[in-house]
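One chain, chain A, appears in both complexes that follow, with chain B as partner in the first and chain C in the second.
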Partner chain A sequence: MSADILKKIDLEDMKNIALGGAFLGTGGGGDPYIGRLMAEQAIRANGPVDVVDVDSLADDALVIPVAMMGAPTVMLEKLPRGDEANNALKSLEDYLGKKADAIFCIEAGGLNSTIPIAVAAGVGLPIVDGDGMGRAFPELQMVSMTMHDITACPMVMADEKGNSLVLNTVDNLSTEKFARVITIEMGGAGLIALYPMTGAQAKKAILRGSMSLINSIGRIIHEEQAANRNPVHKLSNDLNGVSLFEGRVMDVDRRTEGGFARGSCTIEGLGSYDGESISLEFQNEFLLAKTADGKPKAITPDLICLLDLETGQPITTEQIRYGFRVIVFGLPCDPQWRTDHGIELAGPRYFGYDLDYQKLEALN
Partner chain B sequence: MYRIGIDVGGTNTDAVIMHGDKVLVGVKSPTTSDVMSGVVNSIKKALDDTQISADQISAVMIGTTHFTNAVVERRNMSETAAVRLCLPAAQCLPPMVDWPDDIREAVGGHYWMAAGGNEFDGREISKIDEDELTKIADEIAAKNIETIAICSVFSPVNDDMEKRAAAIMKKRLPNANFTLSSEIGRLGILERENAAIMNASLRNLSTHTVDAFRRALQSLKLTCPYFITQNDGTLMGSDFVQAYPVLTFASGPTNSMRGASFLTGEQNAIVADVGGTSTDVGALVKGFPRPASTSVDVGGVRTNFRMPDVFSIALGGGTIIEPTDPAKIGPKSVGYRIHEEGKLFGGNTLTSTDIAVGLGIADIGDAGPARELGEEKLKQIKAQIDDMITNAVERMRVSPDPIPVLAVGGGSILIPDQIGDLPVKRPENFAVANAVGAAIGQISGEVDRIYSLSEISRDQALSEARKEATDKAIAAGAKPDSIELLDQEDVPLAYLPGNATRIRLKVVGDLNG
Partner chain C sequence: MSADILKKIDLEDMKNIALGGAFLGTGGGGDPYIGRLMAEQAIRANGPVDVVDVDSLADDALVIPVAMMGAPTVMLEKLPRGDEANNALKSLEDYLGKKADAIFCIEAGGLNSTIPIAVAAGVGLPIVDGDGMGRAFPELQMVSMTMHDITACPMVMADEKGNSLVLNTVDNLSTEKFARVITIEMGGAGLIALYPMTGAQAKKAILRGSMSLINSIGRIIHEEQAANRNPVHKLSNDLNGVSLFEGRVMDVDRRTEGGFARGSCTIEGLGSYDGESISLEFQNEFLLAKTADGKPKAITPDLICLLDLETGQPITTEQIRYGFRVIVFGLPCDPQWRTDHGIELAGPRYFGYDLDYQKLEALN
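Up next, the complex of A and B:
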């Protein structure tokens, strides 16, 4: 994927970044709006945030990702006190006996695309141009760091009351299980600092360029909207994406299982897709797109984004409704996700779909 | 007995007199800057035309854009104190953080944050502190502010803290009015709080407006009850409007849709209301407008209270056409000045109505100037207009069924007879559908709350919600035996175990008496 390199995040960049974050949310991850407002406040108070290339970090530098964990709907109601993530960061630094040199974004899609920027501005550290998912995923072990045997622990979870808990678990899936329970006690959402890693580890493990990418995506969508063009064409060209389908949503079926909003929607073709249909399966995020006769068109961990046909605005799985005219857009995931370990972590079978992963490019 | 329906629009004030299901008369007169004289003129005209006397009128229903305009123009908004119960949470983004500067200044930008608030499951974030709230009340009194909006975290789940805080502060501020966010908005604290602050800031205006309507009606010897229409197609008594002026926002499109439904007998349809400068397209579900599910921007401020889902395009009867290839259609319009500026009336501007008249679709004014373009060009421009309308209609479609499109409003001659596979219906009295919509308003009751289904069953939760909504409707003046369920939706909440589900439910009933 090609994207202009982002060197600094200033106030006026936040609009693009939040929109690009919503796009990489692939239908889930929560609305980046709250994180955007927090980042804007922090930048107004403390100045812009430097974005650094991971290669510019010393091998022994300490990189710490921060994020929100839990239900985005809760966070839209119970806003943070404001310093929870900073406290989580500080607790983790105290536990490690070392100061962080850079902040890291674990999930470049949804609410978590903007929260680390607020933290970086607040504590005056740079943010690394990269992330752990290249999109949004629902669970914390679903990151490239897991593929490089970097442990989520020690992990700190903090809430607005001043509670901060350090977790040490046997593996990253266990971290997810325990931490998920704690978020409930914290009121449905908490701020976390986890996956502490060295510069050397980060250079191997992270997905590169994610901050630049979401900034570029947001800028393209805004510019194309302003010029009254559908952004999809430029996004396909610039991002190596595939416009998979255009049509109207004809059915949405939702159900809740294990705390996740699962479901599917059926889209009937318009224009050159007239007479065809496609269905999308989702579990918070869109995970599988397939034709009416069951042929897969895009499979997780590849990205499936749903965009408004007129405006190119990303549509979340919560918003999707009968009658929406949409474009289904596929984007290849980072090559790291296409390894055996990556497919095991976030491929179709992990989410309970009975099919093998095939690359987006091979399916289309 | 007869009912009068009024719709105060940006351009015209429309009035109808109805007897049962019959529309006896529909009249229009220009909206006046003081609003009231336009209302008086329209009612007078309608009463004169029908020779019905004021004492034969049993109720007057008024739809008005008054309060929306106040916000859009930042006029007549009172200084307001916003009090958020949240600490230690939610300090990072204070009240009005995402407001444009000019509207924040219009309400003064005063806020306080205090202990209180609940978690999603009803636990307390912290207890409310009577001393703290008393001190805040004294500070508010010192600033001579008498309009207060209180917003507590998760108050749609539990509104107890907002009520208690208002009671505590009332002791120090006996003359102040209080708006509680839980009575207005949904989950999403910033949007709900925004709606509450906006509501609070409009309450003085609301009191004046209700009073002015009362005096206007009295001057016509109309002593019957009068109501203001809300944006869900139901009615509010004068006390209720004084407390909740924001619920009138977007009642214009709602009244058009409801009127169109009534006039055609269609319960499920798309309604296209073509005015002078724009077309509002909405969807009717069971005779009521489908509500918007996302946040709605009012005067640059995000809010999330109930609003009809309306898609507007800049196409109306006065839309300016440049006959280039392809033609440039709008977004500018001559609006109500079409009678001076439209070519068909001897002016110099080519409008969408000229195109319709040139093609013989409508017979008003002079078709000559438009015909100079040639029939082929006119057809090509009309095809572009049809495309715009078709896209807007398709966007609002709610089902694969070939439901009809109801064409209303003064400019609805622009709408073709068929839109895709959907037939178009044009009711009689199409030009005053909005006033008809006001005249047929019903009374509603609504609940929007999160229930934890680990303690009660889904059916129990639904019946609890329905009972609460019914009680609300009766309190607002509905006939108990006419109340029926209008809409019910339960959305399981993502990422949370414990089976939390959010139920939204609404009942409606006929007006008492």
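Up next, the complex of A and C:
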């Protein structure tokens, strides 16, 4: 889809961005409500945020992604105080002895597409039109930056009590492992600043246009909802997506484990899917959709989105409840994720599923 | 006991220091064998280490304690590579933007009285004649520095793979909690540099003369062993100690849990203790000695030392085995530990024992 280029984020845009972020968040990336409130408060206090194309950055500019890390289930109960993300950014700047020139979203998601906007508004910096995943993933090494040998460290983690830590690990998978146990000790979630990179590195590594795409997706959802149409049909056309299933949630098994929201849900078919069922496996994000007889319908790193059947509203893994009437929607991931390195980082075997990755288009 | 003042640590002294450290380590503080090897290697390469009285330091001198943190059981299997402690020190110096003027032992123990000597020899710095506990304790906030409002942070942790982290937490108990989960992620043990303090702070806060005392204890044990006498009798006199029990270890329950070596052992009486039994509870260090009918004989923060019945050799909590013939020996802790703040930090209720602290001298 050719998204309209987003140049500036104001209060009005936040509705679209929170919604579009949640859509690409594939069930994770945090609750859009909280993130939207935080960003709106910051924009109200400090004015709109400039969105910049990565090519407009100087090669020696300092780009810093900020995000919330942890189980989305926890984030709903442990509200950020508001300044932890700024504190994480500031601590990383202090550690590097250099000020950031632009803020960046590590992933698409209701919370992690909006918290960086709140930070950017708070410190008066632009935000880069891009992200590191083109979706949400549960672990922090799962970013395009890893595929371009950019290290997550030095990484700063901060919590609402005032604790902060600087990590310097030997590789990005080790960063994830240390950051995860620290997140748990922080009560399940913490604010992070990581992958500090130069403008030159960002130009090579990031997925471009994500903020514009998220904004466009959110706008389409709102427009279609206003016209009483389910936005899935238009989004499916625009994004080369596949509508995988329609039905009613019959069973949800969800636990907060190892710092993640892990589990699965079973959906029984409605309408043309009557008599069939599909199950979705998740670790913060939806990772695998398969039929009752075990045939995969969509496999990570492709995107699996769960939407309300009536409104097309994205449903996060912590929001799913028995009885929800839903559409399961698949989207092809960014081509980088389909390389050997991408599959190794975020393919099904990394998550313990005994199957090879197959493209969404080949499965449906 | 009035220990001979130790002015310099050479190869010959290491035998005494490793042994004396293990004695005051009350079952914890790490295995003396590994620490002695590391310190001897460093002294052989770089020459003896000066021991300085804290009063000889400038008020603005930078004093940095280094130590190993983790379960002693793990330390036996995960040998330090040798440079992690130096790396931890260097990372903390880099973070502070200032070089250390002296090294310091956070606790007495076979490993944690000797690793700082290895570091001091490696970087050519003196070591302060003192420590932060006058014994070993399992948690890092349990130091005299905490009683004098000196913060553990910034603290650096390093492992043998090359990972390092800088902690800045809101209080010393939080430092312990974060450092503990990081230690576990490091495989059960890591090297740390923490409680950076000025000479002025050290003069107020530290327990003085510990290196000299440890050296004297080790020398007495060796001299008495050479004369075929059990050193307990002389040490008991010199240190105002109490011989609590003699017997044979009948049962050991030990598990590595939450980053600690936790458990208990039961000892059945020999000689004049025939027909009686005593049990010892430990979390890295021995914390409680009580008779079969539950009467306490020694309670943390007082020292409970387990020694070989024949040789007086200290036995660490990871070394205890069925059948060992042992003496249980009690020593009064430093008076600071008997204040309200000291009991709150390291008394029996902190460790979950439902009893009030009573002085060793009152119980026996």
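Here is the rule we go by: the second predicted complex is superposed on the first by the 334 of 364 C-alpha atoms of A that agree within 3 Å, B and C clash if a C-alpha of one lies under 4 Å from a C-alpha of the other, contacts with A are read in each partner's own complex, and residues count from 1 in each chain.
Throughout what follows, a residue touches a chain if its C-beta (ideal position, glycine included) is under 8 Å from a C-beta of that chain, and two chains touch if they have at least 3 such contacts.
What you see is a predicted model, and the numbers here were worked out from it, not measured in a lab.
With both structures placed on the common chain, the touch criterion links A:174 to chain C but leaves chain B unconnected. Of the two partner chains placed around the shared chain by superposition, chain B is the only one that A:325 touches, whereas chain C remains out of contact. In the superposed model, more residues of chain A are touched by B than by the other of chain B and chain C. When the shared chain is aligned, chain B comes close enough to touch A:248, but chain C does not. In the superposition on chain A, contact is made by A:161 with both chain B and chain C. Once the two complexes are laid over each other on the shared chain, residue contacts for A:25 go to neither chain B nor chain C.
Applying the stated contact rule after C-alpha superposition, one finds that A:182 touches chain C and leaves chain B untouched.
Taken together, the two structures place residues 161-162, 184 of chain A in contact with chain B in one case and with chain C in the other.
Interface residues of chain C, counted against chain A in their complex, comprise 91, 95, 161-170, 174, 177-178, 181-182, 184-185.
The part of chain A that touches chain B in the complex is made up of residues 34, 37-38, 41, 70-74, 76-83, 138, 160-162, 184, 187-188, 248, 250, 254-256, 258-261, 284, 310, 318-319, 321-325. Against chain A, the residues of chain B that register as touching in their complex are 86, 88-93, 97-98, 117, 119-121, 123, 125, 153-154, 187-190, 283, 293-294, 391, 394-400, 491-499, 501.
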